[in-house]
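Per-chain residue numbering starts at 1, and chain names A, B, C and D are given in the order in which the chains are listed.
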Amino acid sequence: MEFGFLGLGIMGKAMAINLLRHGFKVTIWNRTLSKCDELVQHGASVGETPATVVKKCKYTIAMLSDPSAALSVVFDKDGVLEHINGKCYIDMSTVDADTSSKISETIKAKGGYFLEAPVSGSKKPAEDGQLIILAAGDKALYDEVLPAFDVLGKKSFFLGEVGNGAKMKLVVNMIMGSMMNAFSEGLTLAERSGLNPGTLLDVLDLGAISNGMFKLKGPTMLQNSYSPAFPLKHQQKDMRLALALGDENAVSMPVAAAANEAFKKARSMGLGDLDFSAVHETLKAPDHSS
Amino acid sequence: MEFGFLGLGIMGKAMAINLLRHGFKVTIWNRTLSKCDELVQHGASVGETPATVVKKCKYTIAMLSDPSAALSVVFDKDGVLEHINGKCYIDMSTVDADTSSKISETIKAKGGYFLEAPVSGSKKPAEDGQLIILAAGDKALYDEVLPAFDVLGKKSFFLGEVGNGAKMKLVVNMIMGSMMNAFSEGLTLAERSGLNPGTLLDVLDLGAISNGMFKLKGPTMLQNSYSPAFPLKHQQKDMRLALALGDENAVSMPVAAAANEAFKKARSMGLGDLDFSAVHETLKAPDHSS
Amino acid sequence: MEFGFLGLGIMGKAMAINLLRHGFKVTIWNRTLSKCDELVQHGASVGETPATVVKKCKYTIAMLSDPSAALSVVFDKDGVLEHINGKCYIDMSTVDADTSSKISETIKAKGGYFLEAPVSGSKKPAEDGQLIILAAGDKALYDEVLPAFDVLGKKSFFLGEVGNGAKMKLVVNMIMGSMMNAFSEGLTLAERSGLNPGTLLDVLDLGAISNGMFKLKGPTMLQNSYSPAFPLKHQQKDMRLALALGDENAVSMPVAAAANEAFKKARSMGLGDLDFSAVHETLKAPDHSS
Amino acid sequence: MEFGFLGLGIMGKAMAINLLRHGFKVTIWNRTLSKCDELVQHGASVGETPATVVKKCKYTIAMLSDPSAALSVVFDKDGVLEHINGKCYIDMSTVDADTSSKISETIKAKGGYFLEAPVSGSKKPAEDGQLIILAAGDKALYDEVLPAFDVLGKKSFFLGEVGNGAKMKLVVNMIMGSMMNAFSEGLTLAERSGLNPGTLLDVLDLGAISNGMFKLKGPTMLQNSYSPAFPLKHQQKDMRLALALGDENAVSMPVAAAANEAFKKARSMGLGDLDFSAVHETLKAPDHSS
C-alpha cells in the first residue's frame, strides 16, 4: 500500500518512519527539503510538490503545524487540489472545525475524498505508534486506511461528520484543563494547611482518581518547574473554544468557565508560554513568595 | 500482638477479620452484641464494654460510624477513658479534625497514647486489606502498630499532628469533586455537540487523564443511573469543609467553589441521597428531558 | 444646520422628530417609504436613496437595526459610499467594533469623515432626548455635531478611536449582567431563608447600592414576570463578547464568567427570548415549583 | 418615654444624642465611664451597671461592638439578666443569628421581652437619624418603641422571628460584595481595553445601574486608594456566612461564590484590613504594575 506524506515536523517524521518500517511505500514532501534526507535513508521517495505527491499516490496523509499551513498545502499553487480528482486526502493536522470543513468541501467538490484525523499524543507516542486517532469524514476511506492507522496509533475512532475530530479534542482538553486546576488547588490547599504536598501526591496515586497527568506533572509543579510540554496559552485557547462550543449549544459549564479564568489570570501574569501546569502559580500568595 | 477492636460495622468487621486471619489476637466490642458472633467463630474474644477492652489490650482500634459514635465510645460511662492510662488508642473512624483533637487531648491528659488513622477506601478494599491509611498523632505508636496497618491497608502514611488525617481526606475529596464536575461537563458538552459520549469515554480511557473514577462512573452516568456509592450530600459537605479550610488559610479556590455550587444545585433538585455523580443532572436542559 | 437621517425605526423616528422640533432641517430616508409620512408632517424632506441623502446633506446620521442593515446602507448600490467624498457620516446604530471599523475605513478611503455614536437608552429616552451617546472616531466631526447630540441626548462622550463606543457599551452591559445575577441570588436566598423578598427590595432601595434596575426589575421578578425589555439572549451575547474582549487583553473576570454561565443555563431552559432578569429562574429548586 | 442605653461607641453615642435631642429621657451606661460625660451635658442620666439601667428603665437599648460584648453585657455579673423580668431589651448591635437567639431565649425565659434590631448605615447616618433598622422578635415591643426608631432611622422594618435581622443584613451585604466585584472587573476591563475608566464612571452614573457605591468608591479605586470604610475581611466574612446560609437552604449561588473566592484571593495578598473595594487589586496584572 502506497502513501503520500506531507509535512515532516517532529510528529510527521516519526509517523512516516513508522509507515516505512511496517512495509508501506511512502512518497514524502516537506517545505524544507533537507528534512527529507533521513526519510530517504529509510526508503522513502521524494515528491517535488504536494501536487506531484497527490498525483502519484492514491492516498496522501498530511501532518502540518497549524491551520494556515494546512490551508496553504491544499490551496496554494502546486497544491493538493491540482490532482485531487479521484484521490484520497487524510489530514491529521490539528486544526479547527472551520478549517477542516473548508478543506473537506473543496476537495469533495473537486472529486476527491477526505478524512480529518487529528491525533491525541505527542512525540513519544508518535514514535512508538501509540497515538490516538480521532477520524471523521469519509467512512469508506477510513476503512481503507485502517492498516496505516493501526501502525500509527494504538487506537483509532471514526467520529462521523467532518469537524467531530476537532470537537472531540476540545472536549478532552477542556476536561484536562479543569482537572489541572482542581489538582493545583488541592496541592495549594495541602501546602497552606500544613500538609506535605508530596504526600498528597502519594495518597492520590493510590486512589480512584490516580492518573498519568497527576503523576507526571505533580512533582514538577511542586518544584515550580513548568517546562512547556503543552503551553498554557494553547490550553487556554482550547478552554475558550470549548466554552464557545458550549455557548453554541446552550451548555452551561461553570467549572470549565472558572478554570478558563484561572488560565487567563496566568496569562496576565506572563505565564502563557510555560506549561499549562503553571496555572498553579495563580494560587500562590504574593506576600509568601517574597 | 493483641488488639482491642471497637465497632463491627461493614468496615470494622472486615478489618477485624483481616487481623484475625493474619494471626493477631483480637478482643472485640460492638454496641449490638449479636454482631460479634461471626468474629468469635474466627477466633475473637469479646469484651463487655469499651473500658474492659482497653483494660485488657495494650492497643485498641476503633472503627465507628460517625463523630458522635466516636465521642460516645470514649467519653460515656464504661468508655475508653476509664482505663486509658498507659494504653494506646487508634481511632480509624472518619471524623472531623475538631472531634479528633478533642479525643486526642483528653486521652493524652489521662496518660494514654493516641493515633488518628482515617482510611480511604470502602467495603471491598477493607475486605482485601487494600485500604489507604492516613495516620496522624503519636509517631512512636504509629511505628508500633505498623504490622497491623500492613495487614489492613496497602499503604499507610504518617502525616504529623492530629487533624492532618482528616484534612488530607478533605483535600483528596475536594479534587475528586471538582474532577467529577469537569467530567460531567465534558460528557454533556459531547452529547449536545453531536458527539457520542460513549466514544468520549473510550478516548479518555486511552489518554493521560484516564483514571478509575471516570472508568467506573462514566457508563452509569450515561445511563442516568446514580446508585449511591458516595452520597452527593456527603461529597458536597466535604467540598464545603475543604473550602472552609481554604478560607482559614486564605487560599482562593475558584474551581472548587464553582463545583461546590453545582453540588448545591443538585441538592436543591433533591439529588442529595444519590451518588455524587448525579451532579451530572444539573447540566441537563429541562426542555430536552420532557 | 441640516442633517440627513437614515433609518426610521422606533429609535430613529423619535430622534429625527427631536431634531426637527429643535429647528434642524432634516432629510430622511427609510427602506419602507411609508414610515416617512409622519416625519414629513413635522417638516422633513425625503431622499430617494441613501446616496441622494448624503449628496444633499453635509452631515448624515444613521440609526439602523443591526450590523447587516448598517453595512447594507453603506455598501449597497445607491448607498452612502457613492457621494461620501467630502461628506460626514455619523452611525448611531449598535454594531460590533469590527463592523464599525470596516465602515470607518472605507468611508475615510473615499474621502469622507466618520463618527460611530452608539447610544445607551431605549424608546423613552430617545423620545425625551435623554440618550447617552458613546461617540468615537473623528474628533473634529464630533465637535461639529455637538448641537445635534445636545438635542438627542442628555450627555455625549467622545471616546477616541473607532470601536471604543462599542467596547464601552459591552463593559457597561457586562457589569449590568453580573449585577442582575447578584440581585437574583439575593432575592432567592432571602426567599429560601424565610425572609420576605419584597422587604429585601425595600431595604435595598434605602441603601448605598440602590439603583434603577433593582427598582424596576425587582417587583416583576418576584412575580416571575419577564416581559422582554432587553432579551436574555442579547444580554448573554454581550457577556460573551465582553469576556472575549477580556480574553484578548488577558483580563481574568471570574464573576462575569460565572454570570455568563448562569445566562447560558437560562438559555438551555428555553428562556432566551424573555427579559434578561429571567436568569432568576435558574436558581429555583425544581421540586419546589411543582 | 424613657430609655436605657448601653454602649457609647461611635454609633451608640450618636444614637443616644439623637434620642435626647428629640425629648426622650435617657439613662446611659458604658464600660469606660468617661465616655458618658458628653451625654450628661446633653441631659442624660448615668447608670452604674447594665443591671441598674434595666432596673430603672422599662426599655433598654444596647449598641455594642461585637457578639462577645453583646453577650457579656447580658450574661455577666451585674448584667441585663438580673432585672430583666417584665422589662424590654432592644439589641441593636450587629451580631450573628446564633448570638441573638441565645440572648433572646434567655431573656424570655427570665420574663423579659426582646427585640433584635441591627442597623444598616454607619457614623453619618447615625448622627443624622438616617439609619435603616432591621428589627425582629417581639412585634408588640417593636410597635411600642417605634417613636424611638423614628428618631434613630429613616426607616425601620419588622422582619419576624429573631435571627431575621441578621440574615437580612447578610443578604444585602452579599449582593453588595458581588456588585463590587462586577464593578471592579468592569473598571479593569475598560482600562486594559484602552478605554478611560474615569469615563466609564461617568457613563455608569447616567444609566439604570447608577448607585451610591459606584459613585463613592469608583474614584478612589482608580487611584488605588482603599482607606477602610468597610474592611475587606469583614466583607469576605459576610460573603462566607451568606454562602453558608445558602448551603443550609440548598441555594446555589455561583456568582456570590466566585466573588467570595476573589475576596479570599485579596486576603491572601494581605489586603484584608483595607476597604473591601481593594478586591480590585486581585485583577491587576503583576507585570504591568512593576
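In this section, a contact is a pair of C-beta atoms (placed from the backbone, for glycine too) under 8 Å apart; a residue touches a chain by one contact, two chains touch by 3 or more.
For each chain, UniProt lists the protein as follows: A, B, C, D = Glyoxylate/succinic semialdehyde reductase 1.
The structure presented is a predicted model; accordingly, all values stated were derived computationally and were not measured.
**Q** So which chains count as neighbours of both subunit A and subunit D?
**A** B, C
**Q** Farthest chain from subunit C, comparing Cα centres?
**A** Farthest by centroid: B.
**Q** Can you compute the centre-to-centre distance for subunit C and subunit D, using the mean CA position of each chain? Integer Å is fine.
**A** Whole-Å distance between the two chain centres: 39.
**Q** Quick check: what residues of subunit C touch more than one other chain, meaning two or more?
**A** Touching at least two other chains: 246, 250-254, 257-258, 261-262, 268, 285.
**Q** Building nodes from the protein chains and edges from chain pairs that touch, which of line, ring, star, complete or other describes the result?
**A** complete
**Q** Show me the residue ranges of subunit D that touch subunit C in the complex, using the header's touch definition.
**A** Subunit D reaches subunit C through residues 120-121, 132, 134, 154-155, 157, 159-161, 164, 167-168, 171-172, 174-176, 178-179, 181-183, 185-186, 188-190, 192-196, 199-200, 202-204, 206-213, 216, 242, 245-246, 248-259, 261-262, 283, 285.
**Q** Where on subunit D is subunit A touching in the complex?
**A** Going by the criterion above, the answer is residues 254, 258, 268-270, 285-287.
**Q** Would you tell me which residues of subunit A are touching subunit C in their complex?
**A** 240, 246-247, 250-254, 257-258, 260-262, 264-265, 267-268, 272
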